[in-house]
Every structure is written in structure tokens, then in C-alpha cells.
Amino acid sequence: MLDFLQAVSDGVLFGATYALIGIGFTLVFGVMHKINMAYAAASVGGAYCGLLVLKVMAGAPAWLVFLGAFAAGGVLGWMVYLTCFHFIPLSSPLATLMSTVGMLLLIDEVIVHVTNGMPQNYPLMFDDVMLRAGEFTLRGDLLLVFGVSVLVMIGLLLLLYHTRLGLATRAVSQQPVAAQLCGIRLVRVNALTFVVTGLLGGIAGALIGASVGMLSPLLTLPLTVKGLIVTVIGGLGSVPGAIVAGLLVGGFENVLQLYRGVTERDLYVMLLLFVFLVFRPGGIFAPKSGRD
Amino acid sequence: MLELKALSRHFGGVRAVDGIDLAVAGGQIFGLIGPNGSGKSTTVNVITGLLPPTSGTILFRGEDIGALPTHLRLRAGIARTFQNIRLFGQLSVWQNLWVAQNSAEDRARQGFFARWLGGQGGVREEIARLLEFSGLAHKQDELAANLAFGEQRRLELARALAARPKLLLLDEPAAGMNSEEIAQLRDRILKLRDTGITIVLVEHVMELVMGVTDRIAVLNFGQKIAEGTPAEIQAHPAVRKAYLGGEAA
Amino acid sequence: MDFYFSLAQLIGVHTLLGLSAYIVLLTGQVSLAQAGFFAVGAYTAGMLTVLAGWHLVPALGASALSGAAVACAVGFPALRVKGLMLVIATLAFGEGVRLFFFNFDYQVAVDGIRLGPLGGEGFRQIRFFPENGWGTGEVMLFMWVFVIAAMALLWWFDRSRYGSVLRAVGEDELAAQSVGINLTAVKVSAMTVGGAIAGVGGGLYAHYTTHIEHSSFNILVATFAIAYPILGGLRNVFGTLLAVIFVQGFLVEGLRFMGDWRNLLFGALIVLAMNLRPSGFLGGRRRA
């Protein structure tokens, strides 16, 4: 029982990063009705860029690296928008799907090229802290991951619900044409959505790097799949859904890792997704069916 | 032919169709009119199965078809056209009619392989006849997307006819047409009625509705406010109020 | 010469993969499950020739059937969801198949050697071609018989009423069902045909590489499968073939002299191609 609780709590804490990645997918879907397949790769890319801080300033504190990843993620998000969305007509969904896949490959290869495919150590914070309650422990680094994720999510929700940009974003995701008629510049909202999701992704990548202890290009594909699964389980376009689903998937996979081992773990995550697709295809927070 | 009993369709709190009773007799041209947003298109979508009704029954030739999926309602004999034209733009005019030959009669006539994987030989006559009827014979190899607006409307009508319907639902077929085209459309509708097809005409253009229909029902806010012959409807006070009141607001 | 033969083999297998996605794309569905069907076909054929001692031709028939059966079984639930949900559902299915083979052990002693799939180690020693003394050229010809057969089949579909119906569904599902087309039947049938083609491709792939493992069937393979018809355009099957030759022949082999940089260029070229020609090389078909 204790093992089970421990696995759930560790998994849920780490699941916060899945939630961040899921939010990124879901926001872009909400605003543009497109999938940005390059998102998880760009997030890992942003985390890698954070390491540049250490190159410039040896021995820089870990939080500075995180900040670097955060900023680089935003820049990468904007670049993905420019290369994969801006010039491709909205009426070609296949083309944007493909272009973002191309971008995924490109980012992956740039990482492999620059690092020679070697995993890079990532700076840790609070890894020596342990909160204990009897046999039950909470790892400090995972708590940090969770705490930072929650802060970032709160920041995002404030942005979405208490600023003009957020208002415009929500307007565009609900009624793109009407929003344009009200003077909202669609292109700008789209681009800013990518920057914001990129920022989230950068910090998510850094947190994953910090809790795993290193970064590797091998992270990008599994993270893409997990992020998409979280997005679907949460309901495409639903930010709260992505948060709940991220934590759910994190806890779920960690429990199965405990009982079935690491190689079988992901198989059950896929099964979880299929259960949702069959019984609740709209996700946890399925939107009410509207007209047409 | 077609009978709606207490048919309702709600979207959340909006009662787009709210307890409509209608009876369309065989061989009639039945007009369905009403201001914008009065529930006409929703009614058509519910009859063809694109939207499930919230409550009520739909009888077609005496049978309850409420549970049938859209494609089976077509095969039973209900075809339609769309308010905003929905052709298969990247198929040729000819192919648009080819894929629409899904009547029970056409399905029985050819074996599985001849029907699905055979060439274009066996079905030419019927399609040629439809193209002739619609005045599109010279355009048969053109992509549907490249047709002029009026031609697209004609092709959509022909596509609906390719299913050999017994009941034809026309959703604003005259929208955007000039008066010459409307006159041609009127002739076609009358010709179709003479071949025994029952027609439900949803329309705003009064010169068409008043000229061809045998009977008219008026919808407003999802409810039927009047029904009768064209002359009766024109004189009906509630109808005048709905239309004029709608315009004043 | 052998180099060109093996390049032609590679192009053949990838063409089958691309064609399996092509027919599904005609109905407007983006399926990332093709790598899964490919894997099912590969393991089926490999196990039948190695463990059961079958000849390759009936084993490929079994690959086609198993690929089709799995595709049909997946098609019914998966095609209930549309668009991007389908992309993700099929992606997860493909990953599920890969993870299944990652955990799949079935070893039998053949002539004193233990053969068969062994989890993460993969499935080695699929030696039908060398054991029967087939040269690279013969293998290539054998493979291209299947590639050309698949292309001819889809070419024929395209000219038949079935092809028009597939495209009608791809263009406007609402209108298609309103003219009496059974959407589920049409989509599942396309998925099934695609599964059969991918299954044959997988069976051939297993035998010319002689060694398969779960990572040969990852998401990248699935994205390649849909990339070919999208890059080539959906006007006809030759677009897919052209895209495979361009990607595998030119980008992967032709640019080998560029070393590491080749992989960088690959992603960038896809991005560029989609910016310049959103409807593919042989495009012109505007997709709604």
C-alpha cells in the first residue's frame, strides 16, 4: 500500500510536466485548430538552450538555467509558428501537420548534431531535500517540479482570464471570424499563442531535465506521444482538462511502472487512452455539444 | 408521404424546432417558409438524419424512420439539396452523379464488383439523362468546383435526383439566383412533380414559393404558426405579423 | 550494382508503406497507425517462414490478411473520432503495437538454435532469401512485383466508382452521407485495404533486412508513411512513388556525401516543401 501511495505521489508530481506539455498542445489547438507536432521537440530544444547559460557563465545557478530555457522556449515557439504556420494557408491541415513533423525532425537532428547525441547533465535543485512522513517521502526535486509547474499554470490562467491578450486569445478560439471583425489581429494572436506555449514548453523541458537529471534527444518522441495523449484525455482545447489529465497520466504510469515494469508501462498508458476514446471521446471535460 | 409529429430539436436552451406537426401528401409541392432562424433548415436536417431530434416522430410512407442513419434514409427515398452548395468539388460533374447513385434500385441492379469496381459503362444512360435535364451535358468532365454558381445549383439538384428519390427536400434552391434562373428552376420543379416526386421546398423567394406550391406551412421561432394554400397564407394575419414584425425589429 | 538493388528494395518497401496511407488519406483520414500494420505484417511473415517453415509467398498472404484484420478491427472504433483526434488515436495505436512487440517473446528451437521474436532484442535470423540462394537482384524483382501490383490495384480503384466514393467522403462527409454513402463502411474498407498493403510491405521488409525489432516501427515510420502521399499529392499513386524516390533516393542516399548534415537538411526540406507546395508535388488538389 505504501509503495502504491509513493508511486502515485511521485507520478502525480512528475505528471505536472506532462500537464504543461498538454497545455501547449491544447492551446494551439484551441486557437488554430491545428496540432503542433514540433511542440515537445521545441520544448526539449528550449531546455537544451538553457544549458547555454552554463557555457557562458560556468557555475551559474540552476534557476538561471531554467530562466534561459524559459526564454529560449518562447523564441523557439515563435520560430515554429513562422516556419510551419504563418505562410501555409489555413485550408491545408495536412500541410501544417507535415511541416511541424519536419520541424520535429529538424530540432531533433540539430540537438543530436550539436551534442553528438550524448545525453547532457542537467542542473538540479533541491535534490538533497527529502520530506518524510514515516516511510513515505516526498522528493525535493519533484516538489520543485510540481511547484514551478503550478506557478506557471497560475500565471497562464491569469494571462488568459485577466489580460486583453488572454481575452483576444479566447475570443479567437471561440469565434475566429467575429473576433477579426471586432478588430483583433488574428495573426498576432496566433503568433503570441505560440510564444506563450513556447515559454511553457521551455520551462517544462527544463523541469523534465532537472528531475531526470539529464537531457537526451531520445526524450522528444515519447514526450510528444505523452503530450498528445494528455491533450486527448483532457479534451482537445481544454486547459483545465490538460492539467488534470497530465497529473492522471503521470500517476497512472508510475503505478504501472511499479507493478509491471518500465517496458510495459507505456502500453497501459495507450490502453488508458483507448478506454477514454471509446467511453468518453470528448475527454474529461468534454465540451457541451453546440449547434451543428 | 412524410409526417412529422410533435418534432422538436433543441440546442442547449435554444428551441430551434419546437413541437412541429406536418403532413406532406404524396405528389405535392409543399412549401416551408419563415423568417431567418425560424427552424426551417434544422427541420430539414432532422428529417434527413443529420441531426437527431430531441423528441417527436418522423414517419416516411407510414414507417418511423427516426432511428435510421442518414445514408439509409436516402436509400429509403429521401434526397436533399443544401442551402450552401455542398458538391464534391474535386470530382467531375459526371462523377458527382456517379457516386450519388445509391437508390435501392441501383444497388440491386448491379453485382458488387460491377457496381463498385466496374468501369463507367453500365450506368451511362441514367447519368446522361440527368445531365440533359439539368442542362449540364456539355460540362460533364469539368471539375464541379470550376462550375459557375447557377450550374453548381443545377448539379446539386441533379445529384439529389441521381438517388431516384420519392421525396425531395430543396433547401433554399433559389438563393442567389436571378429571375431568369428562378423561372427555369420553377419549370424544373414542376416537371419533377409531374414525374411523381413529392417536393418540400424551403425558400425565401416568394415569387417561387407562391407560384409552384400546393400547400405552405409557416414557421416562426421553431413553431408552426400557419398552414394552408398559397392564397390562404398570403392573407393570414399571423404570417404578415411574423414577416413584417421581423423586419421592423 | 548491389547498392542500387538494395536502394530499389528500400524504395519498394517504402512505396508500399506510402500507398497504404494514400488510400486512407483519400477518405480524408490521417492515420498514423500504418507503422503498426507494417509491424504486424513483418512479425507475421517472419514467424511463418522462420518458425513454421512456410514459403514466403503464402507467408506474405498471411501478412496481408493479418494487416487487414487488425486495420479493420482498429477502424471501427478509431474512425468514430475525426480529424486530429483520429491522428492521435492512430498514433497511440501504432505505439501500442510497437510496445507490444517490445514485450513479445516467442522463441522456438529450430535445428538446435532458439529463434523467434525476443522482446527488446528483436527478431533476428529471418533468412529466407539467403537460405534459398536468392541474389539481391532477384529479391528486388520479387519485391517490385508486389509494389507494382499494389500500385495497379489502387490505380484501378481510382478509376472505379469506389475511388470516386472515397474521394467524395474525403471532400465532404456530410454531403457524402446525404447522397447515401455509408461513411463507416467506406472508411473502414479503405483502412482495411491500407492495412493489407502495409502488411505485405512489412513482410517484405522483415525478409530483406533479416532482422526486425520494435524500434523499426516507431512514430517516424508512421509519419514517413503519411508524408509520402502528402508530399506527392493525392492526385494519383505516382505522386507517392515520386515522393518515396525523392526522400529515400535523393535525400537519404543521394545526400550521403553531406554526412551528418543530411539529417538536418531532411527536416528542413519537408518544412520548406510544405511552405512552397501545401498540396504536394503533383498537387493542385485543394483539400477542404
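To keep things simple, chains are lettered A, B and C as they appear, and every chain counts its residues starting from 1.
Rule of thumb we're sticking to: contacts are C-beta pairs under 8 Å (C-beta built on N, C-alpha and C of every residue); 3 or more make two chains touch, one makes a residue touch a chain.
These numbers were taken from a predicted model, which means no experiment stands behind them.
**Student:** From the centre of chain B, which chain's CA centre is farthest?
**Tutor:** For chain B, the chain whose C-alpha mean is farthest off is A.
**Student:** Taking the mean of all protein CA atoms as the centre, name the chain whose own CA mean is closest to it.
**Tutor:** Most central by this criterion: C.
**Student:** Can you give the whole-Å distance between the Cα centres of chain A and chain C?
**Tutor:** 30
**Student:** How big is the gap, in whole Å, between where the Cα atoms of chain B centre and where those of chain C centre?
**Tutor:** Spacing between the chain centres: roughly 42 Å.
**Student:** Which whole number of Å gives the spacing of the CA centres of chain A and chain B?
**Tutor:** 48
**Student:** Could you list the positions in chain C whose residues touch two or more of the other chains?
**Tutor:** In chain C, 286, 288 touch at least two other chains.
**Student:** Provide the list of chain A residues touching at least two other chains, using ranges where the numbers run on.
**Tutor:** Answer for chain A, listing residues that touch two or more other chains: there are none.
**Student:** Please name which positions on chain C make contact with chain B in the complex.
**Tutor:** It comes out as residues 156-157, 159-162, 164-165, 167-168, 171-172, 174-183, 285-286, 288.
**Student:** Which of the residues in chain C end up touching chain A in this complex?
**Tutor:** For this pair, the touching residues of chain C are 25, 30, 77-78, 80-81, 83-85, 87-89, 91-93, 95-96, 99-100, 102-103, 119-120, 218-220, 223, 226-227, 230-231, 260-261, 263-264, 266-271, 273-275, 278-279, 286-288.
**Student:** Name, in rising order, each residue of chain A that touches chain C in their complex.
**Tutor:** Per the touch definition, chain A meets chain C at residues 29, 33-35, 83-84, 87-89, 91-99, 101-110, 112-113, 221, 224-225, 228-229, 231-232, 236, 263-264, 266-267, 270-271, 273-274, 277-278, 281.
**Student:** Provide the residue numbers of chain B that touch chain C in the complex, in ascending order.
**Tutor:** Those residues of chain B that touch chain C are 48, 50, 69-71, 74-75, 79-80, 82, 86-91, 95-96, 98-100, 102-103, 115-119, 145, 159-160, 162-163.
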